[in-house]
Structure formats: structure tokens, C-alpha cells
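Naming follows writing order (A, B and C), and every chain is counted from residue 1.
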Amino acid sequence: MRGRRFDITALPGFSAIAIGVFVVLYAPIVTIVVYSFNASNSVAVWGGFSFRWYEIAWENTQVQDATIRSLVVAVSAALISTTLATMAALGTTRRGRFKGQTFIYVMINQPLMVPEIVTAVALLIFFATIKVATGYQGLGYLILAHSAFCIPFAYLPIRARLEGMDLTLEIAAADLYATPWQTFRRVTLPLMAPGVAAGAMLAFVISLDDVIITEFVKSAGQDTLPTYMLGQLRRAVTPEVNAISTALLVLTVMLLTAFFLLTRRRD
Amino acid sequence: MSPSAIEIVDAAKVYGYGASAARALGGVSLGIRTGEFFTLLGPSGCGKTTLLRLIAGFEMPTEGTIHIGGKDMTAVPPNKRPVNTVFQSYALFPHLTARENIAFGLQMLGRPRDEVASEVEKMIALVKLEEMADRRPGQLSGGQQQRVALARALAPAPQVLLLDEPLSALDLKLRKEMQLELKRLQTETGITFVFVTHDQEEALTMSDRIGVMSGGRLLQVGAPREIYNRPVDRFVADFIGETNFIPAEARGDLVRVAGVDLSLPGAGNGPVTLAARPEQVRIGSNGPLPATLTRTVYFGTDTHCHMTLSDGTEIVARLQSPPSGDIGLRDGQGVRIDFAPGALQILEGA
Amino acid sequence: MTGAASSTRSGWLLSLPALVLLALGAAGPLLIVVVYSFLEPGEYSGVVWNFTTEPWFRVFLERDIFDGTVSLADAHLTIFWRSVKLSLLTTLITFAVGFPTAWFIATRPPSSRAIWLFLITIPFWTNLLIRTFAISEIIRNQGLLNTALLKFGLIETPIQILYTDTAVLIGMVYVYLPLMVLPLFAAIDRFDFKLVEAGYDLYASRWKVLRRIVLPIVRPGIVAGSILVFVPSLGAYVTPRILGGGKNMMVGNFIELQFGQGRNWPLGAALSMLLLLIVLAALLAYVRVTSSERPQ
């Protein structure tokens, strides 16, 4: 073994396990993607390459409705939660500790701590009461619920961005005759923008992926894409689900790539 | 024009309340003249940065008043004060180019577009950044960032420029270069500079006057020569340059050091501490004070000779190294010490 | 100056809209669940507004309809026990394979490290439903796993994995693994490898270095990863529903049942609160462990 360096970071078997983990992690996902191009009716037997299931999914009015509904809810939830999370992040960072700060942190992170099924039944009970009292059955409930549980996901990257920001920049702006509003507009806002964009993207992905809370909160006929898929999985599975999954997967990967590029760009 | 650019009266700053209160600045009064290069010098935590932040308006004094250009500015927010700051970390806006950074203050003041543009060009030329003007701070070296920070603070033509240890992030060679550059800019613009540093050499070479601070107090204000040669107390003497402290007994015009009487007119009476700079200690065969050489340390241009007097007091002499590098003295050898005229100072409160 | 007071006020004012939304859409309704867990069930669904501790009683005990004798509610306890057991196993297995994985990523050269990390994050952000569905496709009787095993002659008839506890376990390990790897990676990434050199310098073996130096130092990451896996495992709903079929329920599915076919909202509410209490206890333990370790 002459000339071979003693690698202090190497531990026996670790690399093999790690590679195995990556293979196992991706094999099922790759299978789904591959079988979404399967021409056959069966999900198990390969019948040649085709876009057939994408066409079927595309023309399925239920899928169309669910897709539009998913996007409406996710976009609204991302906008609302990001706006509120940005304000909260501005309120809770870069100032001395203040009374009640811990309470605010706990409240904002609460959706991350409570099991989703518990929040789901809580909202079911709460909204059932309101539905009876007001008669309103619209998408508002879904948007409200999604906006709420997206807040911590939007908040975290914005807060990280703000905390990494040099406080003296705003002092410097004030020194150069900027009013507080000018300082916010010309210095704080442009500098925190990547964090805000990242937060909005995470919120969008989280809302788009949600199954449990949506399943409990939605009124009749208000399927989103994930709850539609959950319903399909209960019956005989067709490769149509593979096609929808693949489409969602591609969307998620694209958003994540954008997110990484945004957060990795260091000034 | 008023002779005083800044007039500070009894400024005190206390952080926190009650038991946890920390006094960062304890009643400082100071006048800074228009057009001078004034340096606040002291170790970290001495209150010099706090004083600078009070002048800039980032903090409000707990007590006292601050006048800038003859107007009471004690409670005026920083964006309404005719002063600009060069920050220690530069605090350049990372999303703006060098040019946009320099233009920022003028834009905030609502100057017309063409005026801003021409002023910015002037500033870019002044700090010699023509090639780099459209780069962002992240693409500039430390020295270039420093120049942008200077240009940005000078562009609005403030009455006073505040500099908070602006050279501390630079390496030695660049620091020397920027010291000269700063001095040149100050002379060319005629703006009052208030410079904060803990580097005594920097303070001595650049300043018209220096204020030495410690423990939130201003100990001495004076020209560099005055501070160096007539330090008011042991702290100032020790902080600025190296000093020998020699215990002595004063009797009229004499001081008795290790059993030997030396002449020092007006010495007074009683025990005193004398201060003498190492470069003003001379070693010869006919000096009045006998000592034993314990150690010599070669520093290139200088050689430091550590000696002990008969009463155990240690004295260091700094001699210029001869071309051979060998001063011709051996450890353990007996020598005689003499002081240059005026070298011995009596320290107060020591 | 009133700097501290104005900072408090603006901090609260800016956070207020988010807090109101969270109170309406997340935290507030939890209080209603507490109330519901002390009411009588309605005939078809909902509640009758009579105070009773019956739902909490029924979580643990059951009363015979005919003679009124009280015995332990075996069915409920089995479901709770299965949930805890599967969640603990999930945590253990994800740690056993997650630690080497995190170590592997953290010891890659900086250029490729970001890519490996990205590869772990993609499944993490991929829809949980899709991932569970993907695993079910693999372990089905006609799935990839059984087909391969049959082809190589290792088995003669397909093994029934889907709709067993094992399937749920496999699914949860698969789904929650990134939640273990990411905090472990963060901890190992911060770890100073000079300490490993010092360990070898002082004659420690690789195993000793791992056990005596690395593991104690990255412990906060281990605890964080375990909590991040254990908590959602315990409340899992989608994974056991798809992979466990109807019989192999976990707490989450059982709660849902009470609001669906079971038509016993108060019992469901009591079960939800019990689940929440267990999770909060785990989180509290986590906070205590990590805050006592932080050097002051």
C-alpha cells in the first residue's frame, strides 16, 4: 500500500451504504417516470414507449380541474404566506430581543411541530362549523389553511437572509441621508429579495404537495391534484397516475433548482 | 465660519438600565477644529467608537450635547446630519455597483441627475477608481472597496467625515499606502476628518491632533509631538510608544534614581514615577547611572538593550544597529546610562 | 430613549398579520379539538353539547355493552403500540443508513458536495404521496422487487409485502430518510476534522475515533434527525393508508376513521390530543437535551 494516503475521513463501508441509499432513494422514482411512458394498460408490464397516458391525463376534465385548483390554491397560499412571513421576519430579526419574541417564534413554527393529521381534524371541525353557519363552501377554506401552514416555510429562508445581512448597511444608508422608507426601499428590500423569492417557492411547493389537510378541509368536489391521486390509488391504479406524478415531479425539481440557485448566490 | 467643526459638551452614554447598565462613555468634552485631521486613539472598549457613533447620530447621548457646525445636533437623526461615515467593514451596498454606491448619498439628498453624475465622476477620479466603477463590491479587492467607501462618504461633501478604523482590514503595505492617500484626500478636500484607531503609529503619522481615550474618558488631547513627548499619565505614556517607568524620589531640582542623583529642574518633592523613551536612553562609559546589561535583542534597524539598575528597576534602551549588526556589548556586562536632555518626564497620578 | 419599547411594538405589529392567520388556520382550531374531546358524539357526525370524559375514557378502556364490565381497549392500544413501534424502528433504521450517507456527503470535496446534497433534497421535497406510491409499485406482488427475485430464482412465489407492517416500515424509512440525513449532514459538516487527526495521533482506531470523538460531537444533529423522523412517523397518515391497507392502521388513520365511518368525533378529538401530547413531550425532551448541551 505504499504511496496510498491515509484518508482520515474514510470509514469502512460508509461509502457503500451511502451509494446504496442513493440507489434505493431514486430507483422507485425513476421507475415511476419510466412507466409513465408505458404504452400498455398495466402498470407492471412494459408495452413500449408512448405519451398515451400523458394525453389521457391531459384530456381528463377531473385532472384539469384539480390542476387548476391546485395552482390557484398554491399561488394564493404562496403570495399570502410570503407577504405575512416577510413582515414577521422584518419584525423579529435584527433588533434586540423583545418581549414576546419567543411566543412569536413558537406560533410561527407551530405548523412544523403539530402532526398534520391533528391540524387536519382541528380544521375539519372548525370549518365544518363555519360552513354550516355561513353556507360558504368555496376555495377560501383551502387557501386559508394552506397559507397558515406555509408561513413557517416562507419565514425560514427570509429570516436566514435577513440575519445574514450586515446591519451597518442600513446605518450607512441613514448616514447617507436616506429616510427610513428610502432605506427600506433602496437597501433592505433589494437585499432580502432572494430570500423572499426562495420563501415563496418553498411555500408554493409545500402547498402543491399537501394531501392530509386538503383531504380534510376540502368541500365536496374540490379535489386538488394530490387528493385526486389519493382517490385514484384507492381504486385500480392506471399509468395515468404515473404521468401526473412525473409532471409534478418535474415541476418540483425545476422549482427546487431555482431555489438552490437563488440561495447559493452569495454576494 | 465657526472655528469649531464639532463641539461636544459632557457627552455620556450608558447602555442598559439599572444593575446591568454599562457606562461606555463618561462625560467627555471636546472641540474639533474646522479642517483638522483629528484622531481618537485608544484600546478597544475605550469608548472611541461610541463617541464617533454619537457624532454620526447612530446613538443618542445619555447626557450632554453635541454641536456640529455651530448647530445643536444632539437629537438629530443620522440622515439629517451633515456628517458621513467610512465604516470599519465599509458597509458597501452589495447589490449596487461602485458608481451607484458613490451616488447613493447625493440621490438621497435629491440632487439633480446630471449634478449627481458629474459629482460621482469627480469622486471616482479623486480615489482613482475609473477602471472599477461599474463593478460590484464583491468583485473589488479590500483596498478598492476602501476607496469606494471613502468616495461614497465624501461625495455629499459633508462638513465632517468620520472614519471608524477604516484601515484595520488591510494588510500592512496597503495600510501605509492608504494612510498617505487619506492624508492627501483630507488636504485636497479640506474636510474635517475624525479618525478612530487603536494603532498609535497610524495616529502619530496622520493626525493634526490626537485625543487619547481609555475607560470611556478622554485622557489627553494634543498634537502628536505633545502626546508622545509630554504624556500626562502612565496610561498615555505606555499606550503610545514604549516607555521605561522609573521609580524615583524628587528633591527640589533633583531626582534620586537607584541611589544616584540626576538633575531635573522643578522636580518637586516626594516619590514620583519618571518616564523615559527607550530611544532617549543612552549607553556609554561615562553616564551617571550604573546598570547591568541582561539581554540584547536584535530588531534589524534597532537593537534593544535590557538593563537592570542596582535597585532592580529594568530599563530598555533602543540603539541604532551599527552596519556590522553587533553593538559590541555582552550580556552581564556593566554599563553606564545617560538620558538625552529633556528625556525624563515626571508622570502625574502614577 | 424608548428604543426597547418601540422595538417591541414594531416587532409585534409586523408579526401580527402572520399570527392572526396562524391563529385562525392552525393553532386556534386546536383549542376547539380540546373542547370536542369532552363532548358526546352526535348520531351521524358532529357532537352533542354535553360535557363528558367518556371519549378520554374510551381511548384506553372499553365498557362491555351487555354487562357494563370495563376492560382495556385492546384494539386502540394495539394501534398506538404499532404506531410507536413502527416509528421507533423507522428512526433507528433511518439513523443506521442515514449516518453513513450524511458522512459520505460531508466528506466529499466542496465542488461535488453541493450536488450530493441536492440529490438528497430532491426526494425530500418530492410529493410524499408520489414517493409512497412509487414504493408501493416496487414492492407489489407483480412489482420490480418480486419480479427480480423470481427471475433470479431466489423465490418461487411472490412474497406478500404490500399491506403488511413491513410495507409500512419500508415506506416510512424511504419517505423520512432525508429528514434524518439533512440534520446529520449539517452537524458533520460543521465538525472539525482536525479532531479526527488528533484522535489518530493519540492512537485511536477508526472505530474509537467514530465512537469517542465524532458521535459525541455530532449528537445534537443525531437528536434533531431522530425527532424530525419520529414525530411525523408517529402521525403518519398517507404512508400506512397506501401501504398498510385497511387493517394495518396507525394512529393517524384511526383518527381519520373516527371522523369518517366511525362517526365518533369526540373520540377522534381525544385521540388527536393524545397524539399531540406525545409529540410535544418528544419535542420538549429534544429542547432540553439540546439546550443543556449548548456550552454557555
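Basically, a residue touches a chain if its C-beta (ideal position, glycine included) is under 8 Å from a C-beta of that chain, and two chains touch if they have at least 3 such contacts.
In this text, all values refer to a predicted model and were calculated from it rather than measured experimentally.
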item: Most central chain, judged by mean C-alpha position against the global CA mean; value: A
item: Chain at maximum distance from chain B, centres defined as averaged CA atoms; value: C
item: Where chain B and chain C are represented by their mean Cα positions, the distance between them in whole Å; value: 60
item: Distance between chain centroids, defined by C-alpha means - chain A, chain C (Å); value: 18
item: Chain centre separation in whole Å, for chain B relative to chain A (CA means); value: 55
item: List of chain B residues in touch with chain A within their complex; value: 56-58, 77-80, 83-85, 87, 89, 91-95, 104-105, 108-109, 136-138, 152-153, 156
item: Chain C residues touching chain A - in the complex, by the definition given at the top; value: 3-4, 7-8, 10-15, 17-19, 21-30, 32-33, 36, 46, 97-98, 100-101, 103-105, 107, 114, 118-123, 125-131, 133-138, 140, 142-144, 147, 174, 177-178, 181, 193, 196-197, 200, 206, 210, 231-232, 234-235, 237-238, 242, 251-252, 255-256, 259, 265, 268-269, 272-273, 275-276, 279-280, 283
item: Chain B-touching residues of chain A, taken from the complex the two chains share; value: 166, 168-169, 171-179, 182, 186-187, 190-191, 267
item: Complex contacts: residues of chain A adjacent to chain C; value: 6, 8-15, 17-22, 24-29, 31-32, 35, 43-44, 80-81, 83-85, 87-88, 90-92, 95-96, 98-101, 104, 107-108, 110-111, 113-119, 121-126, 128-129, 144-145, 147-149, 151, 155, 205, 208-209, 211-212, 216, 226, 229-230, 233, 237, 241, 245, 248-249, 252-253, 256, 260, 264
